[in-house]
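Naming follows writing order (A, B, C and D), and every chain is counted from residue 1.
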Amino acid sequence: MKKVYVNEDWCLACHLCEFYCAAANSGAPDMVKAFKSGKKPVPRIQVEEGSDVNFAVQCRHCDGKACVKGCITGALSIKDGVVVCDESRCVGCYTCVLSCPFGCIVIDEEGHRIQKCDLCTKNHDGEPACVQGCPNKAIVFEER
Amino acid sequence: MAIEFMNPLFEVIRDSDRCIKCRVCERQCANEVHKYDADLDKMISNEMTCVDCQRCVCLCPTHALKIRPNENQFRENANWTHQTMDEVYKQAGSGGVLLSAMGNPKDLPVYWDRILLNASQVTNPPIDPLREPMETKTFLGKKNQGITYDENGKAHYDKTPYLELDVPIMFSAMSFGSISKNAHESLARAATELGTFYNTGEGGLHRDFYKYGANTICQVASGRFGVFKGYLDAGAAIEIKMGQGAKPGIGGHLPGMKINDEISRTRMIPKGTDAISPAPHHDIYSIEDLRQLVISLKEATNWEKPIIVKIAAVHNVAAIASGVARSGADIIAIDGFRGGTGAAPTRIRDNVGIPIELALAAVDSRLRDEGIRNDVSVVVGGSVRSAADVVKAIALGADAVYIATSALLAMGCHLCRSCNTGKCNWGIATQRADLVKRLNPDIAAERLVNLVTAWDHEIKEMMGGMGINSIEALRGNRLMLRGVGLTQKELDILGIQHAGE
Amino acid sequence: MLQREGETRIPAGCAISGFINRSGRRTNGSVIVNSIGCMHERSNGLGGGFAGYGIYPEYKDQYALHVFYDSSEARIKTEAFLDRHFDVVNLSRIPVRKNPNITDEPLIWRYFVNPLPTKLQDSQLDERTFVARCVIKVNDKIDGAYVFSSGKNMGVFKAVGYPEDVGDFYRLEEYDGWAWTVHGRYPTNTPGWWGGAHPFSLLDYTIVHNGEISSYDANRRFIEMFGYKCNLLTDTEVITYIIDYLNRRIGMPLEDVAKVIASPFWSELESGKFSPEDTEKIRHFRNVYSSLLITGPFSIILGFNNGLMALNDRLKLRSMVAAEKGDTVYISSEECSIRTMCPDLDRIWSPRGGEPIIVTLDKDAQERVGK
Amino acid sequence: MNYVIIGNSAAAVGTISGIREIDPNGKITVISDEKYHTYSRPLISYWLQGKVTDKNIYYRDPDFYEKNGVETVFGKKVTKINTENKSVVLDDGISVPYDKLMVATGSKPFVPPMNGLDKVHYHTFMSYDSVKAIRSEIKPNMKVLIIGAGLIGLKAAEALSAYNAQITVVDMADRILPSILDVRAGVMMQKHIEKQGVRFILGTSADELTEHSAKLKNGVTVDFDMLIIAVGVRPNTELVSDAGGKVERGIVTDNTQKTTIDDVYAAGDCTVSHDASSDSDKILALLPNAYMQGEVAGRNMAGRENHYVNAIPMNAIGFFGLHIITAGSYDGEEFIDETENTYKKLVFRDNTLKGYILMGDVKRAGIYTSMIKERIDLGEVDIDMLKDRPQMMMFSKERREEKLGGIFR
């Protein structure tokens, strides 16, 4: 299955992936509108910055799937290998935040629910927004 | 605080309707122009340090940024231009020589743009490169070998070392030190994929890149940095750098702060020491000394590698080239006055040397007049900006061209001409690890390959239009050129007719 | 004012034709005149010419110089030059017949000469190079004089006009040769200068050519490094010099000459169609003699002291057919002109681009009629 | 193969999923004494609060059973497991045979003996039906007494505050949420909940109940319009113990989730689990635990041996917007970082992270959880980063590569 991978040699910690991700999943037609119309959209990818190493982390769609198994509402499920969240069913208990070994479940504090990377299966054709938006090809979408 | 006589060269125009305060501009500016102010909840700019490298503009996800020349101007004066005055202020403040980078930006004639190409009509057919073979393979080296046939009709001939190029375009010398390791890797990988060559410059060859040796030209310059037997053996050819178009008659100076571990190891000089290339080679004070170096290098490499001698285009370039052709060198590289540099004294860069077009025409004609054009190949550089420039250069008589500025542009350079600061935001002309990282060789090598491939396509289109299906039939084919708006003197030097003739 | 050949490049389309009898059997010149006549519309009346081989058996050891003079002064100057360098065995005006379509003829003279041994020795050149240099010198330096034929036992006849009229004018039915070539010219803007008509020749090399080569200036500027002077600025001239340089001076066989001037494409070389040894040799040619590659359309018939070579450019951008009947080989721009000479052929084919047809006199014929 | 599952909550669904991974065709029968499609027990407080509707309280889509080929028997209680003929007996006398049986009976509310309890109307807070009953009686500004300041009692308090109820919570312990929070965190949470108007009376219990008031042992009398008893739960173990299976605090299983009876498995709140963080056996009444035990059991029932290990106590819960995530055990060297609104406690022992409490800022807590579960040696991580916040950066490059599967040279 094609997944998003990050090559930390090339990650510049520019954080653009977070903004492209947030905008793509905001439902707004462009980035300006996504960020300028009230609620600040939440990225599902997070950049970790170090002194000389940086990388972005997002859902690994891992084999363990502890988040799905622990979900108390059934909001999280697996579609074609992709862990997806039905946000309308999430009550914000954060059991998945507790479970995810990569820290990839993102808390939407305003919405009192979680958000997570679904590889842009709901909003994009082709490559996920973070991959398209990475200026240094640090983020790739590929089969491994 | 003393009065600052100068004002910012550029203005940062930020469209607050578009700015989403993502701060990518702030994170990506090594000059610290942008800053997020939490109290104001907005981005603010310190324009004084902006060099107009366009990194922020390119990365801004909402296209909220523009960098424009500062509209603030000193009182208009055709003689004392704003820039001239700025330079006086700068020197009055610093007491130092002005430093610049990249090529001469002055409004001096660009002869490429005054030369037009021919195309076939009626009496002979243009050739469609998509339907017929169209050949750009080029050999560089001596072409004066004899051939004899024995009684059985079998040919006997000598072969001298040569370079075989799939495209008549090579990447010219840029040292590791002046540019980053990732930039070097990108050039090396691109040259390998393209079947052409890149040039180490005078900074030696990083251990990691010996594997690209078959596509590497190893330069020997006056500082002899990183030169040892293994280095000479590593490449496909050796280039003796006598001069550089951006700064003829001037050596080089890589400040100690750029000499990090890897550069120190590669250049074979202590870490943190300045790397100073003398103006002359101190073992070459005349042409016969050059001949000795050429022969020494050939001896050192078992006469297996062609030797390139690179000279800057100066007033008597034709005579110099004639001397070089007789020195035993296999290839002469001529660098025009618009050639780039990582750092040069501004006055030198802007006032010394001559245009490559004239130098090339003069050299090619001179070598033919002397009947020694076959003794050497001629490679020209110094602002070859497009496939059209390549075609014109070859028609004027060049065997191949060197490109560097175009290659840098392909990798992201925006010609802000601040290489000398070491803070290249594009990760090219810098050794700062966090900046070097910005140049991913996977991307840069691909872009270089794309550029040269695109040019090769265009060269083939233009050749096809002229009814030529092999690059060698274009070489020195000056009938394919016509001048526009040139004086008879210029036409004579270029050896071409005026348009309409 | 229109500029003549040598003052400017004049593109031209053309017709060519030729044949050779391998046994050395000589054929009357009228045959070749008829062959070009049927391709009348490929010429436009601005030039025609012939080369005949084996036509001067009685003077076969002398160089036959055919010269155009614009004036008597030019003739006097030239003859003085010739006297200084050659022993002139015979001189005469070339006999012509008045033809209403051939006008403005210059003075046309013929000299059978031997180089003066002392002069030849002084020059430190071989005999043929000495003769070639002298021819080039007359053409370059003596205003109004133009040597248009300089080989042994062969001759070039050319003029402004349609080739069939030129043949009539020169009374070619009075000459017999074992090989003939002919050229009908379709230049685009020549005022009609007799020297500009084809064939072009140097010593016994003659070239008739149909085409317009795009590599002209690359070839010219290269070949001029070797003592040649391209006065006429024509393709034919530069091709002749290239062949002279490679074949006579370097000693390259004509098969290899063809591989230089119409070299195989790199893709052909990589296809493995040549032996490794030939591949290596052709690679070497494409490196060292790269400036002698001729591009653009051409079909040429080269005449030389014991044969003909026909060659097309490597893309075959010009028509050329070849045919065989017994020991005679025919080459022409069009099949019709071959059928005119020989309606009943053994074989007729269209040679591939870049693949030369080289026909030489049989061994015994060479001894009989050649040299 | 004929599978029978008693119970219809997370462990049951996990069991179905585990079986179906391996055996797509075997017959599965789910028997539940409740009459509902599988619903999420923790959602009952959200339902009561109005955040979750009748429609989305369900744990799985309406076609879940159909898609998985499951037959359901709802509203019937299993009264007996007959191990001899491998069948279960329903309360209507019908016998259902099994080849493999899953006991996922969960737990029931524990109601301690109290004076006068038999005379008062009270609620528990455990099932859809229990919150439906509360919903039908609750009115604005009602006085509600909740006995029990644990997870259930406080969730009930949060839900009822949506009705402007005047809530008093009483607990015998002197702090709230003693099972998951330490004293400092408990105090912080208590203050937070008090700000929402909930009154706590701690360190005491009801001495005497009358119809609308409770007299506490400390002498205070609390009036109420509604009484909710939420002091704890007890596992439903009787079916197994009656059948001769081993039961301690809960049903005892091996790590394939098999009970001591052949072909009888158990999972979820009714079982005893092994807490890897404290290396002790206890009931881990947690939904993720129930699901994963069920899944492991299901696979074993269907014939693929696998084991459930690395279970630890863990909780993610929030009250009135203040979130808590905790995991592991708290016996060891402590690191505490506290601000006005956040609390963090990390507990180290044997050079590993053993437990943590995060309150207020719970972002990326799972990274800590994984450190406990995987027993990652502290020598492998950057301790300062670990203490700063959960982050992948604290791991070595190699460990990151393994975890994130990125390209590293």
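We take it that contacts are C-beta pairs under 8 Å (C-beta built on N, C-alpha and C of every residue); 3 or more make two chains touch, one makes a residue touch a chain.
Since we're looking at a predicted model, the values are computed, not measured.
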Determine the set of chains touching chain B that also touch chain D.
A
A-D or A-B - the one linked by more C-beta pairs in contact:
A-D
Maximum centroid distance from chain A, chain identifier (CA atoms):
C
Using the average of all C-alpha atoms in each chain as its centre, how far is it in Å between chain A and chain B?
43
The distance between the C-alpha centres of chain A and chain C, rounded to whole Å, is 79
Taking each chain's centre as the mean of its CA atoms, how far is chain A from chain D in angstrom?
28
Distance from chain D to chain C - Cα centre to Cα centre, in angstrom:
105
Give the residues of chain A touching no fewer than two other chains, as numbers and ranges.
9
Could you classify the connectivity of these chains, where an edge means two chains touch, as line, ring, star, complete or other?
line
Can you give me every chain pair that touches, using the contact definition above?
A-B, A-D, B-C
Residue set of chain C touching chain B in the complex reads 9, 11-13, 188, 211-219, 221-222, 224-226, 250-253, 256, 263, 265-267, 281, 284, 286-291, 293-297, 314-315, 317
Residues of chain B defined as touching chain A within the complex:
17-18, 20, 22-24, 27-28, 58-59, 61-62, 433-434, 437-438, 440, 442-443
Okay, in this complex, where on chain A does chain B touch?
9-10, 12-16, 19-20, 23, 30-32, 34-36, 52, 133, 135-138
Mind pulling up the chain D residues that touch chain A in the complex?
10, 14, 40, 42-43, 46, 51-52, 56, 58-61, 287-288, 291-292, 295, 314-318, 321, 323, 325, 327, 362-367, 369-370, 373-374, 390-393, 397, 400, 403-409
For chain A, which residues count as touching chain D in their complex?
3, 5-9, 48-50, 53, 55, 57, 60, 66, 69-70, 72-74, 88-89, 91-105, 107, 112, 140, 144
